[in-house]
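Both complexes below contain subunit A, partnered by subunit B and then by subunit C.
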Partner chain A sequence: MDFGSLAFLIVALPVLAFVLTLAFGNRLPNGGGHIPIVAIAMSFIISVLIFLQIYPNHGTVEQSAHWFSVLNVGIFIDPLAIVMLMMVTFVSLLIHIYALGYMSHDPGQTRYFAETALFTAAMLGVVLADNILQFFIAWELVGLCSYLLIGFWFRKPSAAAAAKKAFLTTRVGDVLFLAGIVILYFNMYTHVLPVVGGHETVYLLQFKTIFENLTLIPTDQLTIITLLFFGGAVGKSGQFPLHVWLPDAMEGPTTVSALIHAATMVTAGVYLVARTFPMFIAAPESLIIVALVGGFTALFASTMGLVMNDIKRVLAFSTISQLGYMMMGLGVGAIIGAEAVGFAMFHLINHAFFKACLFLCAGSVIHAVGTNDLREMGGLFGKMKITATTMLISSLALAGIGIPVSIGAIKLGTSGFVSKDAIILEGAYSYFAHGGVYGSLIFFFGVAAALLTSIYTFRLWFMAFTGKPRQERHAHEAPSTMTGPLIILATLALVFGALTFSPFIHYLETTYENEFFEEIDPNGYIHGLAERAGYHIPEHPIVHLDLAHDTLIMMLPVIAGLLGLAISWAIYHKRMFSVASIGNMRNPLFRILAKRYYQHEIFIELISLKFTYGVLALTSEFSDRKIVDGTIDAISSFFIGGAEVLKKIQTGVVQNYATATVLGVALIALVLSWGVI
Partner chain B sequence: MSIVDFISQFAPEVILTIAALAIMLIGLGLEAKEKRALGYIAIISLVLGILIIVLRGAYELQLEGIIADSLTIDPMSQFFKLTFLLVSLIVVIASLKEYDNHPNQDEYYTLIMLGTIGMMVVASAVDIVTIFIGFELASISTYALAGFNKKDRSSMEAGIKYFIVGALSSALLLFGLSYLYGLSGGLTNISDIAEFFSANPTIIQSPFGIMALVLIVAGFGFKMALVPFHMWAPDTYQGAPTVISALLAAGSKKMAFVAAFRVLLIAMIAIKVDIAMVFTILAIITMTIGNVVALSQRSLKRMLAYSSVAQAGYISMVFVVMSPEALTGAVLYVMSHAFMKTGAFIAVAALGYMLLRENSSAKDVDHLDNFAGLGKRSPFLAFSIMIFLFALSGIPPTAGFVSKFILFYSVLEGGFVFLVTVAILNSALSLYYYARVVKYMYVLPPSSSERLALPKAYSLAILVALIGVLAIGIVPEPFVNWAASAANVLGL
Partner chain C sequence: MLPVSYYLIVSAIVFSIGVYGVMTLRSGIMIMMCVELMLNAANINLIAFASHFNQVNGHVFVLFSIALAAAEAAIGFAILMNIFRSNKNVNIDNINILRW
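Right, the complex of A and B next:
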């Protein structure tokens, strides 16, 4: 049986679940939460079946239907898409199961499950899209669901404000993305259509058509397009400077944070860059910017994670930082070529596991103690052994603890270690070693962020689970619907990376190295694009390090991780230093971090309030009220007055109507004979 | 052509005729309560007709010379027949509830069926006499239908006014056609006439020839409700039973367009009389007066009537541009307009029905105030009205957008920048009165919080129209292709 023909069900089932939950959820137990669970489980099974079918010979699933003119709707599943599909359906399934317990006391659970089902459908729509327009439509739908779910408790003003902030901030990116699509379409229309035109099956915005004809588009145009695409990715994936919405998005239910703001939606930006990677390869300037922005975000966000006291906000900054790593991993593709996609996607998948696990653990803790504030937690280890253990495992993964040796194909280390190490050493270091622009800076970003990540991660764990309980409330372990997903995710966080590293990277390589691409350029598609853009991807781009010779380089990320663990242990567990002596507002460094680099002051008070509102908005308001509205009012009163006059012609007397008819005849006769004579 | 061939080619018309006669005869022996079943006969025959036309397809179809060169079967005729059948179907479905238990249902359905047959004859006609016969069949049926609510004075008034002005216009049209007949030495087939006049241009450019054209344009102008021949339309649409207004606006008015496409476009290319100026003036005053007067209407039916006048102004731009693209747009516009206007009128009828059921002495049920808070009282009805109105104003993803876009774009391509500017400004102006209804439905508070129960027949009729509006809007290609092949028939 050809499972590819079932691919449409992957999206259709969650859509159906959305409709059914919305319609009947109120009458079912758990607000109808079982409907999306069944639907998503089936989507997951179909994804796995498709994977098993196409994995052996690196096949793809392609379906396309004519929409109108030069546009189509379609499904495209290649290695890149299938790993994403399996991850999204799997993580979404676990989080839905967890939410059965977590949301059980919420009166709005029907709405919750309907919206998360819609979200899952939209996210799968992003992954499956075979053309950039369909991608964008699903991308917008994902944003809408994110808005709805952040504001799930919309009666809480902070949640409503956070939803609005998330929507508006990502909107900035979306507008850039859309502009990119428009410019891309324009280029395809002028440069590509004359070459490929005439074939009825050629659709201009289909990814394959774009990849096939990339060399026809001028490089400078591609640079603009890819930068605009990256703008969209920056908004969605919370990269500097559009990251400000993500910490606030934690106002939504914790399961939403785990699903949307950790595992899936925020990675859509990374997926966008990976999906259009050949375009980025053909526009190297953009890739360097991707690497720099990503690396900087990784470091910048982790510094703020150090001082947050809200358990979810620590994780939010950590998400931003890890997404930065993924972007950095893609950016170094300017030297290491398409393998960069493999590294970034590997980290994306691992991150989905351990970060979803961390959020769900945080949810479990919040569920138990009733607060988000780390300072009010402590000593929970004895009371919540499963949560504490799974959280410890995923913290080890986030901090990247492991040993840089491998036994056969198995790497020794948590999955976060394996993938982050690959980005820093095989990615950033190779980039540096081949003399990539700003190579040392990017490498530095990677290592420094690793140290800080480890510190804030274990700070969180020690503050929550060790020491004396800081409140009276009787905390207890969560029910099994909640701990089950935790255990599964923690297991994956521990072993997934170690077991699958090299098959995964090799499989992902075939995304842009298969028969289709060989036909376009027999000498190597990616290399050819690079040559055309005026740079060179080396034959063997990855610098293979040897533990005996390059001990320091190879150990650097691990040392950073362990050092961070040690520092956290000393400060927050053993209390060797008083936290208060450094962590107070008199310390300028602490103050700048706690104030989050005064972003609020800069973004809201300076840019938004003073400049946008005070200068632009008030000026526009004046011209709008006085000049524009005045004109409009004049026009409208002219027409409405005119209507009152013209209405009177309609007397209701039928003789007058006959007269008008005769007058009309006379009028036509006059015009016609004037034309003839 | 043998009789068997004829029946197979004109199966929809034959089925409808049989159904019309059957309804009339069976109705004689039935009690008022039992006459409900007659509506179902009408529905079955209409659905059969639609199926036959759709299944047969129409892209390549081209059959000429049927019954002494008076009828043809081509994409154009099939496209319009489908439109008329769909409109009648929607109207009949809605009538099931509207005229539930009415003692004269048999006559009602017979008249609708006969009117539809008349329109279908016009769609196929390529002979001036046949066109006129079809016109009269459709007109006389609809005169009676407009005055069908005998106890309602405004319905009677609507019928009488429609009849008087209609008779005048029929006289004008027939007079004009008789000139053509005489001047051409006894020809009735449109292409023969066109051929004759292009060989003898001086004849048509004589005063008698001009007079013939003037009278024909005026005759069609009445049916198309172009200003200043439109004055019957608002009174008739407002006074007639609302479901019949739908039939008039979406059906019989569109019949005039197909006849005008065939007669005027074919004739004008041949006779080389510059008629563009006439239609530029007519189109501009029609759309402007239609839209401007619609602004101040508080009765929804009257507002829709003026909006219908304005839309006719847009469509008649095709007589100025005379390009295949413009004709494609115009043909598609006719079908789109049929769906959105029928839908809108039926929705208004549904509200009227529900309000009258609540309070049988209610007056002016289509007054704008009755729409306040409809979004809360009847969500589906309000939503459909919103879609129909957005379609009428040309907002995507609706049929109104697609057809307006193609039509306006072709006018621009034809180089008539001034005309298209006026049309676009008019289009912007029209949004005011459409959006006002939406504001009433969704922003203003309802007069009573009681929910209105929408009868199933109305829901179904509205749903059919809604599907049509959205189908053309979302998957325009098959419709555009059909319209384009319909436009090709005329060989512009």
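Right, the complex of A and C next:
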């Protein structure tokens, strides 16, 4: 049986679940939460079946139909899409199961399950899209659902504000993305359409058409387009400087945070860059900017994670930081070519597992102690053994603890270690070794962020689970619907990376280096494109390090991770040092971090209030009210004033009219007789 | 037989008296009479040209014109009667409510 023909069901089932839950959820137990679970489980099964079908020969699934006679709508599943599909459906499924327990006391759970079903469907729509416009539509649906879910408790003013902030901030990116699509369409229309034939406008925005004809589009245009696309990714994936919405998005239920941070929403930005990777590599300048922004974000976000006291905010900053790693992994593709997609996607998948696990653990802790504040937790290990253990495992994965040796194809280490190591060593270091100008900077970002990540991750764990209980409350372990997903995710966080590293990377590589793309360039598609833009990708771009010779380089990320663990252990568990002397508001460095680099002041007060409101809005208001309205008012008042004068002619006395008639007739007679007499 | 221009001069004088009266007089009845003067000036013209060109058309027109004048007078005086009932006079100057 050809499972590819069922591909549309992957999206259709969650959409159906959304409708059914909304319509009948109130009459069902658990607010109808079982409907999306069944639908998403079936989507997951279909995804796996399609994967098993196309995996052996690296096949693809392509379906397309006309839409409004000028565009097309379709499904495109290649290695990149299928791994995303499986990850999104699987993680989303576990989070939905967990939410059955977590949301069981919430009166709005029907609305919750309906919206998360639509959220998942929108993300699956992003992944399945075969053209950039369809991608954008689903992308916007993701944004809408995130707005609804972050503001789920909309009666709380902070939640409503956070939802608005998330929506508006990502909107900045979306506008850039849309501008990129417009410029892309313009270029496709002028440069590509004459070549492929005049009637083929329907497929102009299809990824396949774009990639096949990339060489026809000028490089400088591609640079603009890809930078605008990256702007969209920056908004959605919370990269600097549009990351401000992500920590505030914690106002939603914890399961929503898990969904946003692991399976849906934020990974959409990384997926956008990965999906349009051939365009990026044809404009390598953009990729270097991607790498620099990603690396900077990784470090920048982790510094703020150090001082947060809200358990979910620490995790939010870690997400921003890890997304930075993914962007960095994609960006170094300017040197290492298509394998960059494999590294970034591998980190994305691993991150989805351990970050979903971390959030669900945090949800379990919050459920038990009833507060988000780390300072009020402590000593929970004895009371919540499953949560504590699974959280420890996923923390190890986030911090990237492992041993840099491999036994055959198996790498020894947690999944976060395997993928982060690949990005830092095979990605950033290769870039550095091949003399990329910014290589050393990116490598530094990667290692420094790894150290800080490890410190704040274990700070969180030690503060929550060890030491003396800091409040009198009978914390208890969560029910099995909640601990089950935790155990599954923690297992994956522990072993997924170690077991699947090389097959995964090799499979992902075939996305952009297969027979289909070799038609364009006999030397291999990706290399040819980069060289066209004046960039040289070396013959063996990835520097394979040897533990015997490059011990220090190879050990560097691990040392960073272990050092962070040791520092956290010394400070927050053994309490050898007191951080009170530096960790207070008198220390300028701490103040900057605790104030989150004055982002609130910069974004809200300076940009929003002073610039947008004070300058832009008031200028527009002035020009609208005084200049535009003024012109209209002047015209109308001229006619009103004129009419005021002229209307006096209408005296109402019939004789005046008669006089005017006689005079008029006399005048006409005079004029007519002018030439005659 | 008198030349046609004599008739035309008389008609023009009568017409001018009528126009002057319509423009200046205040009483509605006087204005009605001046309108009749103007109509009759036109009638004089018609008859004068009919006799001059020895045709019958002008005579027929005049008969129509007289009938029209009779109808107009009947309506006009009916209106004036109503004005008089409400205003106790027929001064046209005071009837200026249809103004700005």
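Quick notes on this structure:
What we mean here is this: the second predicted complex is superposed on the first by the 613 of 677 C-alpha atoms of A that agree within 3 Å, B and C clash if a C-alpha of one lies under 4 Å from a C-alpha of the other, contacts with A are read in each partner's own complex, and residues count from 1 in each chain.
To be clear about the criterion, contacts are C-beta pairs under 8 Å (C-beta built on N, C-alpha and C of every residue); 3 or more make two chains touch, one makes a residue touch a chain.
Keep in mind it's a predicted model, so treat the numbers as computed, not measured.
Judged by the touch definition given at the top, the superposed model places A:H66 against subunit B, while subunit C stays out of reach. In the superposition on chain A, contact is made by A:A658 with both subunit B and subunit C.
In the superposed model, B is the one of subunit B and subunit C that contacts more residues of subunit A.
Residue contacts after overlaying the shared chain place A:Q650 against subunit B and subunit C alike. Contacts of A:F8 after superposition on the shared chain: neither subunit B nor subunit C is touched. Where the contact sets of subunit A with subunit B and with subunit C meet, they give residues 647, 650, 652, 654, 658.
Taken in their complex, subunit C has these residues touching subunit A: 19, 22-24, 31, 92-93, 95-100.
Taken together, the subunit B residues at the contact with subunit A in this complex read 160-161, 164-165, 168-169, 172, 205, 207, 210-211, 213-215, 217-218, 221-222, 228-229, 231-232, 234-235, 273-275, 277-278, 281-282, 289, 292-296, 429, 432, 475-477.
Partner subunit B is touched in their complex by these residues of subunit A: 66-69, 636, 639-640, 642-644, 646-647, 649-650, 652, 654, 656-658, 660-661, 663-665, 667-669, 671-673, 675-676. Interface residues of subunit A, counted against subunit C in their complex, comprise 647-648, 650-655, 658-659, 662.
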